[in-house]
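Shown next, in structure tokens, is the structure this report addresses.
Chain naming follows the written order as A, B, C and D, and within any one chain the residues start at number 1.
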Amino acid sequence: MIKVGIVGGTGYTGVELLRLLAAHPSARVVSVTSRKEAGMRIDQMFQSLRGRVDLAFSSPDDASLTDCDVVFFATPNGVAMHDARRLLDAGVRVIDLSADFRIRDVAEWEKWYGMTHASPELVAEAVYGLPEMNRAQIAGARLIANPGCYPTAVQLGFQPLLAAGVVDSATLIADCKSGVSGAGRKAEVGALLAEAGDSFKAYGVGGHRHLPEISQGLARMCSAPVGLTFVPHLTPMIRGIHATLYARLTAEVDLQALFERHYRDESFVDVMPAGSQPETRSVRGANLCRLAVYRPQGGDTVVVLSVIDNLVKGAAGQAVQNMNLMFGLAESTGLDGVPLLP
Amino acid sequence: MIKVGIVGGTGYTGVELLRLLAAHPSARVVSVTSRKEAGMRIDQMFQSLRGRVDLAFSSPDDASLTDCDVVFFATPNGVAMHDARRLLDAGVRVIDLSADFRIRDVAEWEKWYGMTHASPELVAEAVYGLPEMNRAQIAGARLIANPGCYPTAVQLGFQPLLAAGVVDSATLIADCKSGVSGAGRKAEVGALLAEAGDSFKAYGVGGHRHLPEISQGLARMCSAPVGLTFVPHLTPMIRGIHATLYARLTAEVDLQALFERHYRDESFVDVMPAGSQPETRSVRGANLCRLAVYRPQGGDTVVVLSVIDNLVKGAAGQAVQNMNLMFGLAESTGLDGVPLLP
Amino acid sequence: MIKVGIVGGTGYTGVELLRLLAAHPSARVVSVTSRKEAGMRIDQMFQSLRGRVDLAFSSPDDASLTDCDVVFFATPNGVAMHDARRLLDAGVRVIDLSADFRIRDVAEWEKWYGMTHASPELVAEAVYGLPEMNRAQIAGARLIANPGCYPTAVQLGFQPLLAAGVVDSATLIADCKSGVSGAGRKAEVGALLAEAGDSFKAYGVGGHRHLPEISQGLARMCSAPVGLTFVPHLTPMIRGIHATLYARLTAEVDLQALFERHYRDESFVDVMPAGSQPETRSVRGANLCRLAVYRPQGGDTVVVLSVIDNLVKGAAGQAVQNMNLMFGLAESTGLDGVPLLP
Amino acid sequence: MIKVGIVGGTGYTGVELLRLLAAHPSARVVSVTSRKEAGMRIDQMFQSLRGRVDLAFSSPDDASLTDCDVVFFATPNGVAMHDARRLLDAGVRVIDLSADFRIRDVAEWEKWYGMTHASPELVAEAVYGLPEMNRAQIAGARLIANPGCYPTAVQLGFQPLLAAGVVDSATLIADCKSGVSGAGRKAEVGALLAEAGDSFKAYGVGGHRHLPEISQGLARMCSAPVGLTFVPHLTPMIRGIHATLYARLTAEVDLQALFERHYRDESFVDVMPAGSQPETRSVRGANLCRLAVYRPQGGDTVVVLSVIDNLVKGAAGQAVQNMNLMFGLAESTGLDGVPLLP
């Protein structure tokens, strides 16, 4: 059994890790920390875990973290960069679900996140945890930068096109729609049901922190800088991201065949039949990305539809997938839940 | 492996059975019928089952049903009463998720359901499939009448009080709220998002078909006729039932202790700590009933809060629980999914 | 033109007052205060008011309030009791939408609200602003205690029964369901879309502050103390309250005729035809209460269904109705908006 | 008073016309037809209209339609093209909210709508009812083709750019999100709350009927054919469209100033301050389009955000706006309702 610690267990990625790990046959959560809620039983905060998680939140200085085999950081940005070092030094592997180690250009990271990075040397070591792009490196890593939710949906959608070099990488557009759990379990007026319910809006149009992360990944796929317009929107649902991607074709290609071939061996990416339109609920609760590709009216514009559950393939599920790779388990261990529909 | 057939697989109880059975270690679905959709791949109708269910709907006359060990009817009322006989005669066990065999008084059934019953003799044989009331009989049954969703939530909530004889059984009130999946996957204007969304209403106040089913069960608990006012409501959510139950106390009793004792050995009924208020989402996707009991202002009125997922403990999950009992499996086999929250 | 001030304009009752008064032909809002947002344009906070409200929030000490003809307090509990005196002394009429002046028994108020009352003498003077119970007194009042949302729905529903003396007033039950805007525009985790969406729960079962307010009103109707069990619930919608009321009949009576006769002359209470089931959306945005009355299975229990928009008839609309009465305007002035459906 | 008839009053555009006209000071609805519901009181179908609309649905052959001054068709596509002629011949003006007269190229219309057009000669006469593009012609028209909902949001968003000639008209993208009321009040499985709720998906990606209508309008603005990729999506809300528009800049221009100048004199188009992000709820129930324009990262891509209420500015409100123009009323008569927020 892998001994697991979770730092910051009171948010949505925390409770989702607990849900997934409660059903994982080879992992056992031994410590969940929360500075604010230390001492409170976890199932008092999350009724859904009654009978399944028999722990209380412990203090973040909890010594037992260093006895873990792996620690997940489900913390706000700016925490893991301070605390990961101690754990790594103790031989613990670290999977950070925050943004601290995602951007290789530290100056760029500091600009977007408005902080001085506490551990730039770890940025260089960290492996970006998108297995469908990066599987081999993940297996040998000590420190994983788990991708953001938008970046996962967008990168998986563009990857076949950029890897094949069949689109203009300078004029990419990602029009993304997220459910509100993406904003986290934080008391904010804008995320109230009475504010975000029954309404739709864009946000961060002038610049969103996931932009540099996505651009970095896309550039790697095509070995060239990319031009990306990224517009995120808030949609009145709880879980799910739908990315609608636009690119200009520069070569004649059978798009459906290209996508099917590219993801042939991936168990968590589903290329749907031509003419399909994936619903976000088709992946609700599951570690899956479903894709469909179109060329409307036979023109030069290719449209890719990409859906994930932001809390699973966009966060906690992907983190467990990375853990499985790091510990030599079958990649899908504990990740075979069937999506909940309706 | 138990060979399973499902008659009527295009509704919500059908897809939920498929979801649960896809993860069941000792059962395998071999046939799913639909008169209207015969020939269509199941995962074309339900994207969530892509990669998990590799079957097409077959015709309801599908001969292979008689080769099954058990057949679930996930059909509208009035179908199983015609078709169950043929399967029982072939040695197949039958679990009917419709209302055909729930009411022992056939005349009463015919009044509420507006049909002549085709197999009154089977009504007498059928066992009411609420394990927490009826476990022993279920294990030996050929034919199970799987309870309705409201009846499950209401009966489990009232049972400790009526069994202990501490309330006036003549003045019971059940104020129930259901998500819209309870109305089924039928094209009806009233269940459109644009009609049922962002609004709340009562329905069936003058008389709802679940009333005689609930009354029958409650009467059995206290060995006397009961007086019940049952008011169902539609709430703008997908899954979940919340029953708020009112009864007049006739004896001094420690309500919390009474409930905890009554359900001490039940793995699918969770008596929450005093002062708790269960949310429907705390059981989303799981075969659970969570209960809380109150005596507001120390008065004579006892209030019970009872939540279930109408598609799981209120339908497909309970059906699988019954199957497990009938086939001598551990009752929780395949039913240990953690609720999906948020 | 009536010169109107609003103290505390950043919440939902504040923005709803602004919406209603923007369309009122005889009133003009001249000052809207907010301690926290002083200086910010109101239409920057509320996009819906762009082009309709050309004011910025001013400081609460804004001298211009004393120049108003009437000031609405749309503040948290505990503010108006301090600030109303100054305005009344300046000859300004005051309509308080908070709970400060609703409970005549000051000790009882202090118990439920956990504060010492700053102006007990004003409690004695204040008139409870439920026009359908209290019209004459309102017209002559200086200070109005505008009813709470639950109390409005429940009192209007029980009033015909209690006034006629046809039910047992000792065993009343009010099972109430509210949309989340009732919780106000406050940053609280429990009201997030990701928490309150797609789920249903009871709250305050052990005791809710609206209980003494409702009991006081019901007692007045029947000139005797009442026994009331009040269970509020949170339903995943934005606006609307649905109260389902239960009482035991003590006399034979034509309930439908009783209700129709009782509210014959009320323009804001709609007694629906027998067999109706009012939806909360049928009053969305409008100053209306719709009622239906039932006697299920011809038994002794009477069931009343009562719906309002909590922000209109349950708050801002009723406040404007009170203002109209106080200033001798037709009661429906500015309150004739048609409900928004769907 | 303008005497108004409505053909097909049982859908969402029908009930919205009734809501708006109930509050219109210069119009009176005298006849509302429905083939299926003839004889039923309108307020029995729509509780929201109780006390405001005192009519029953009449038969579509109702003679009184020819006595009207204007008749609105709120019918499915393919009805008005048959029935408009008779009314026009009787001197009645016609505003068609369906698509029958929107596409000037009849062959193109027949291709997209799958019918033979019954009145091609009326297509030539019909005036496209987008006042912000076409005001003068509308005033003198007998027959108005009221624009579709997506076309309204998209055309108003692109108009300033195309009229000024500052973008490449060959590579336009419109990524649009609609609430479910856009699908109409039809019993369809896909629009059930249990299907469309808490989920997000694209539809019609291969080709949607609004594409030729939008393209025709955009081409007119820039006097050249355009290339448009149009991807509509369904979002789990009731009312509202959010169009996110992308175009490549071909000239240096102050975008904010361009938009403000273009719509300076329009009372129903609100160009928001730079940096704004309009929410669909900011126009809920109101005849408004709110716009914001961006140039992310200072690149070549311009992004326009455009929101309307699909049932108001996208249908019934725009129809009333057109009626006002045709009858010489102030354009905003009866259209000054304040949006309902929250």
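Basically, a residue touches a chain if its C-beta (ideal position, glycine included) is under 8 Å from a C-beta of that chain, and two chains touch if they have at least 3 such contacts.
By chain, UniProt protein names: A, B, C, D = N-acetyl-gamma-glutamyl-phosphate reductase.
Only a predicted model underlies this, so the values are computations on that prediction, with no experimental measurement involved.
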item	value
Farthest chain (mean CA position) relative to chain B	D
Which of A-D and A-B has more C-beta contact pairs	A-D
Whole-Å gap between the CA centroids of chain B and chain D	45
Chain centre separation (chain A, chain D; CA means) in Å	39
Separation of mean Cα positions, chain B and chain A [Å, integer]	36
Set of chain B residues in contact with two or more other chains	12, 179, 181, 185, 194-195, 197-198, 236-239, 278-279, 281, 284, 342
Touch list for chain D against partner chain A, complex	171, 173, 175, 177, 179, 194-195, 197-203, 205-207, 211, 227, 229-231, 233, 235-240, 242, 244, 246, 248, 275, 277-281, 284, 292, 294, 296-297, 299-301, 303, 305, 307, 342
Touching residues on chain A, where the partner in the complex is chain B	12, 15, 19, 22-23, 46-52, 181, 185, 197-198, 238-239, 270, 272, 276, 278-279, 281-286, 290, 311, 336-342
Chain B residues touching chain D - in the complex, by the definition given at the top	12, 179-181, 183, 185-189, 191-198, 236-238
